[in-house]
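After this come two complexes, each holding chain A, first together with chain B and then together with chain C.
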Partner chain A sequence: MKKYDAIIIGAGHNGLTNAAYLARAGLDVLVVEKNDYIGGAAASRQLHNGFWYSNCSYVCSMMRQAIHRDLDLTKHGLVLVPYLGTVGFADNGDTLISYHSEGPEYNHLRARSPHDADAMFRFQTDLARYAQLIRKTLLRTPPDPTSFRPRDIKELIFLAREFGTLGQKEIYEYIRFFTMSAAEFLEDYFEDDLIKAAMASPGIIGTALGVYSPGSAYILLHHVMGDVDGNIGAWGLARGGMGAISKAIAGALQEAGGEIMTEAPVKQILVTNGKAVGVILENDEELHANIVVSNLDAKRTFTKVMDKKDLPPGIYDKAKNFKIRGSSGKVNIALSGLPKFTNVPDNRYINRGGQAFLGSLETMERAYDCWKRGTWSEDPFVESVIPSAWDPTVAPPGQHWMSNFIQYCPAELADGPWTPEKRDAFGQTVIDKIERYSPGFKKLILHAEIRTPHEIENEVGLTEGNIFQGELTIDQLLFNRPFPGYAQYRMPIKNMYMCGSSTHPGGGVSSACGANAAREILKDLRRKNTVPEDDCYDE
Partner chain B sequence: MTKQYDTIIIGAGHNGLVCAAYLAKKGQKVLLLEAADTLGGLASTREFHPGFKASVAHTINQFSSKIVGDLNLAAYGFKSGKPMQSVGLSEDGQHVSIANGKVTGVGQSDIDAFARYTKMMQRYAKAMAGFSLQTIPPIGNNSFSEVLTFAKMGLKIRGLGREDMRELLRIISLPARDLMDENFDNPILKAMLSWDGLIGSKMAPRSPNNTVLMMLFRMIGEHRGAHALPVGGMDGLINALSNALTSSGAEIRTSAPVGQVLVNRSKNGLSAVGVILQNGEEFKAQRIVSAVDPKQTFLDLVGVDNLEIEFTNRINRLRSDGYVAKLHLALDGLPDFNGINIPNERMIIAPEMDAIEFAFDDAKYGEASSEPVMEVMLPSLRDQSLAPEGKHVLSAHIMYVPYNRKGGWTKKAKDQLAKNAIKTLSQYAPGIEKQIAHAELLTPADIAESHLVTGGHWHHGEFALDQMMMMRPTYEAAQYKTPIPGLYLASAGCHPGGGIMGGPGHNAAHEILK
Partner chain C sequence: MSKIKDPFAGERLKETPFHPRQSALNLRNAWSSWNGYLFADCYYEAEYEYFCIRNQCGTYDITPMQKYEISGADAEAMLNRMVTRDISKLRKNRVTYVCWCTDEGRMIDDGTIFMLTCGSPSLAWLRKSSFGYKDVTIKDLSDTVAALSFQGPTSCEVLKKMGLSKIDTLKPFGIKHFKFKGGKLMVSRTGFTGDLGYELWIDPKLALDLWDALYAAGEDFGIQPYGETATNMARLEAGFIMPEMEFNEALKTIHFQHDQTPLELDLGWLVDFKKPHFNGRNALLREKEKGTEYMLTKLDIQGNKPAEESFLYSDKACTKQIGYVTSAMWSPVVKANIALAMIKTKHLDGDIWAEINYVKELRQLSKMAKCTVMKKPFWAPARAKATPPGPY
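Right, the complex of A and B next:
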């Protein structure tokens, strides 16, 4: 029976990236995927005739350029289109427009608040500076602060030095940003409520924190540290939907001789005398390999596809306590035409760009309060984009699809489990909210796919539908991710690794986790490292 | 003709007293100025109803025994009281109690977990303890001795051993809720253990980053986190301090509110040379130590025209809004708490962590909770002098009550809050409402006014990672010196922070005596 060098569980973008690098190093790799399509949460799916939804992740910015180039994803069909002109909506219909060029942007802000127009420039420069430090750590393996191995000490010194180059004053400011709440951090810059709300919104996307929770400022940073073609903080659409990213990485993998097996759900990771030796599929087929790499989240890996008795003491509880909370929902809508929004000038950039239904800091925080009480807000935060406005390949001519991301949506409801009725009620809440800002919107709806954490977990396999494979709080970042002592992609079982977003640097379609894991695996195999260094150093 | 002192200290809160005592002991000519007519600031005992006395701070859980020794406070009558039990109240009288490191009223698994948990937390608190009584150097271009301080910190943490260090680096930023859920089952136990990480701050059980540090900080005292009341109540400590001070020749002036710190502008820069009282009286000294909160010190007493603009911004942005109200009840008799014979311990009313979390939610939007959570004690049971024979004083900290209430603190709003608090109390002590001779409610706004502390904040500044150690109150003022030569800080707004602990006063004195 065939024995692979490595089996990777889960054909999400990190699993594919990991496999691609192992294959390019000459390993005989197999990626097993439970669904009949690849990509995990980075997928394009035709769920209504002619409409291709990016039905989980919907925009791209974190993708590491070094990997994009190194795997030649462009050759494999990946085209990223920066999208521009996001409009923020307040409760009273008031709008805040972010233009793609500085002049109009400044004037627009100035009309709201001269103070904030100036502050915005300061804010954006600060943000970019802070982002730069984190960016340098993305394609590196976190050090173990308890270890005295030269390599860990070297890495600690690297971090200390990078931190040091900020200069004394910057370090203090940085610590504030790293630990404060998004709202309180923004209070220092801005006075206008809608501007604060707009700037704070990235601080809650995907997380079980509120704009007033300490630590949400870092989440904000996590969402702006990406780039499109080196334009830091910019967000882009993948032509053909997010699936195009997975497809391109898969192309690089297959070009290097790697295999992908879909509709192959893993029942259990095979462990014999303390070593991972392969996997058993749900259909009881056994697949053997020298190395098993799990792209599943840490909780799922250790509590679902492993036998508790194969695990060293303590690991099961660590996995049980791993914070991976469902807090987001998604509503994907096929539209017979382009919706018009009130108080938005008819400008191609701005009314086809993103829409953020913000309300105010208080609206967002109250939505979080609802989540804490096991229900969803009647007035949730919704971030939307209409990809078809930029990309003709994802909807029939003249028609459009709209991606709506909702914060917050609980994984478990106070009044019992999710039912199709509750799911539809949740979707209706979102649609009603959009209708308030776009009268006639409902009439355009041809089809809607409503996804609560329940749907996302069942289909994609993300525990509780958490988009980051684990909360991005300090206790689960860097050398704490996923657990202290196991942050270097090696797992407690010999020959077993993790390469998902549960590992450093965490969630987002970045491919960094998969690439970093590959680097560690190749090191253990004494193979030449084929994983590139990050290329953001002298930006 | 103005009198010349070595040091003038503004504010006779416990930190001002401690700082003054150290300096006077070293033979300095010290003048201590206090705006109120009583000493002790938030720890001062004041009459709130004829014959009934109370103090805002109603227990001590971490006053430094080093300071007690250094200043020989025992000789001046200080006697630290026996550690109190903490009792998590349950409406049905099935209370959870924590006494000398043991928990009762919970299941066996929680009893075992609690033993493990406290051992772990005490190891961490021990590793931290040393650094509360020393100046934390700034980051960057350090002297050798400063580098040594950081090295010591690193070693202390590494000294915990690999597993402990890893766990510390993980839990240090955990929200109370996660730490509790990982360890315990009993909802009351979880709530009462989170309490010490939250009280006095703008944090709730789900708030990450700062709570565990607060818990550890409160565990570095002699009773390892257990609260106590000194013999003679809070005055027992304050009087001992003032006696120690006067006997070493320091002068104390009460009812002497300072209006302004005199800043001298010369060609070699600014320097603080004295103070002017609000009544116009002027005092000169080589140095001025401010034991009042940083915002008042710089924005009111020094004045922004003497400060660099960025420094002013950093003081302005200090988060220092209080979230705790104080309720004082004059009672005709001893209230009858369900399932408690003599209510002479520290009682916490918070049936579960969500009760705390949801009370906080109201405060976020500028409202006081309709179902307040609180910490209650009857100081008169431990110090008879606080109430007439047979009568009693009930003292309660009420979380979360915003300093800035939407619509302001009208009489109506205050009465409503007092009503809600008393209603809650009566659920645990039926009939208490009939025993009330007088009720005094101090919102953070009231405390700000009556005790002259910005925002009515116990700690003069939110206890948060970005406002700690070499960042407390802000860089360039975190080593007790300030940008203005001759002006020092010695308040809870400096490292190590608030609570009746004495650290800031002690550390400031040592910087001055260097």
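Right, the complex of A and C next:
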């Protein structure tokens, strides 16, 4: 029977990236995927004629440019297009428009609050300062602070040196920042409620935290530290939807001789004498390999596809308690025309970008209260993008699809399990909310795909539908991700690794987790490293 | 009393026939000039406009380009003597890209022949080149033809929607004629972006009608005007040369051999030594035999700092200078740090290092980056050559 050098479980973008770099080092690799399509949560799916939904992740800014370039993803069909013009909506119908250039942006903010217009410069500068430090850690393996191995010491020195580039005041602020709430952090900069709400909203996306919960400030940073072609904080769309990213990486993988097997759900990782030796599929087929790499989240890996007896004590409990709470939903809507929004000038630069239905900090916190009680938010925070306004390939001309990300939606409801009726009722809540800001919106709807954490877990495999494969709080970041002592992609079973977003640097479609894991695997095999260095060090 | 209404009239630039629409969309008031015309650097933001070219579609006003009609029994012979390429095989309704040189083989300009178009005024040189030919008439159409370059992946769909029948059968460098509002519209499948695209040629009186028809059809296809900055990005990715960047026009070059030859500019494929005598032939033949001193080269450069105006060296320690960068940028679509550079031919096979200077919050910094020679254009999507080109 054939024995692969490595089997990677899950053809999400990180699994494919990991496999591509292993294949480029000459390894014989196989990626096994449970679905009949690849991409995991970076997928484009045609569920209604002519409309291609990015049905999980929908925008992109953290994708490591160095990987895009190194794997020649453009040649394999990937083009990232920046989009612009996001509008924030307040409960009272007020709008906050994000203009693409400094002058108009300043004027617009000044009309709301001259103080905040000035403070915005300081805010953006401070965020950029924090972000550039974190950015430099993305394509690196976190050091183990308890180890005295030279490479860990070297890496700690690197971190210390980067930290040392900050001034004394900034170092204090930075440490505070990691444990602050988004709302508290913003209090120091802004007075206007809508501006505060708009700036706070990235702090709750994908996380079971509210704007007033400690730790949400870091989530905010996580969402603004990406870039598109060096424009830090900008967001882009993958032409053809997020599936274009996975497809391009798969192209690079196949070019290097790697294989992908779809409709091959893994039942269990095979372990013999404390070593991973392959996988058993749901159909009981055994596939053997010298190395097994799991791109599944940490909880799923250790509690669903491994035999408890194969695990050293403690790991199972760590995985069971891994914080990966489901808190968001997604509603993808096909529209017969471009929706118009109240109080938004109808021009190509503004009415084509994103919409953030914010309400206020208060509204967002109330939405979180619903989640805590085990119901979906009655008046949720919704972040929307209309990719088809930018991408001619994802909807018929003149028609559009709208991606709506909803915070909050619990994985488990207080009144019993999710049902199709409850799912549809959740979707209706979202549609009703958009209709409030876009009268006539409902009449444009041709098709809708409603996804609660329940659907996302069952289709994609993310535990509780958590978009980051585990929450991005300080207890689960850097050398603590996924668990303290296991942040260097090696797992407690020999020859077993993890490469998904449960590992450093976490979710956000960066390809960094998969690439970092490949670097570690190649090091263990004493193979030449194929993973490039990041290109952000001289920023 | 003075009859002069506007004392500054002579200072003001001419406006192209598309100006009323373009000025309404030039939100940044970013204008410069080209051949005496007011000409947009950008309308909204260069990178946004660049992405219209690569992702959707956009228009670029090429009215200021110089256009000449050369007619008469000797017209072909005269042009064939002037340009380096053999145009005697050029069929009706086809366009060809050419360049022309001084007797010393130094490049004067490049352009296309269907009528003759080029970046700089060339009437005097055309007259000089027609010396000895009896039946040649040269007509300057520069101010009498309005022209719009219309580029991008959705451009064919928009023209189809505008009602230009069978436009999708038009091959690259082909020409089609259409009736338009009682006048004539000429469409060539040409452009300066390396992507799918067309150029539309029309009577200035119908220019605004054309604009309105095009923008109505393009509404759902992301149509947007783009300016010089975006054009310059797109052409560099396509590997196209630009006057005053890659070459100094020979007739405007003061210092000896600070101009270039087509061979140095990697345009050897435009020079046909098999055809009868043409301007610069002997000098170019000599150069071909001897080998060029410099060669225009496409570079992929480490890192992401554009190597603008960089010197090139054969080693990291900068002991031997071997050339200089002519154009450089970060390519958003390819995700590569690209450049065109003039490099001494004999050093092309060795290591090439660029000394890149950049500024970080007012501090001047410098770094060395390894360069790789690229043979093919950085960006050449299949749709640019496909017929029919597809919807996007």
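Convention: the second predicted complex is superposed on the first by the 539 of 539 C-alpha atoms of A that agree within 3 Å, B and C clash if a C-alpha of one lies under 4 Å from a C-alpha of the other, contacts with A are read in each partner's own complex, and residues count from 1 in each chain.
The definition used in the following text is that contacts are C-beta pairs under 8 Å (C-beta built on N, C-alpha and C of every residue); 3 or more make two chains touch, one makes a residue touch a chain.
Only a predicted model underlies this, so the values are computations on that prediction, with no experimental measurement involved.
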item	value
Partner chain(s) touched by A:Asp118 [first = chain B, second = chain C, both, neither]	neither
First (chain B), second (chain C), both or neither touched by A:Glu435	neither
Which of chain B and chain C A:Lys372 touches, first, second, both or neither	first
Chain B versus chain C as contact partner of A:Tyr172, first or second or both or neither	first
Contacts of A:His100 with chain B and chain C, given as first, second, both or neither	second
Touching partner for A:Thr393 - first (chain B), second (chain C), both, neither	second
Which of chain B and chain C A:Gly230 touches, first, second, both or neither	second
Which of chain B and chain C A:Glu362 touches, first, second, both or neither	first
Partner chain(s) touched by A:Leu73 [first = chain B, second = chain C, both, neither]	second
Chain B and chain C contact sites that coincide on chain A, given as residue numbers	none
Residues of chain B touching chain A in the complex	138-141, 158, 162, 165-167, 169-174, 178, 182, 203, 206-210, 317, 319, 354, 357, 361, 364-365, 464-466, 470-471, 474-475
Chain A to chain C touching residues, read off their complex	65, 68-69, 73-74, 79-82, 84, 100-101, 228-231, 239, 348-349, 389-393, 397-398, 535, 538-539
Chain A residues within the chain B interface of the complex	145-146, 164, 167-169, 171-172, 175-176, 178-180, 184, 187-188, 209, 212-215, 321, 323, 362, 365-366, 369, 372, 473-475, 479-480, 483-485
Contacting residues of chain C [partner chain A, same complex]	28, 44-45, 47-48, 51, 54-56, 153-154, 157, 161, 220-222, 224, 303-305, 330, 332-336, 360, 365, 367, 391-392
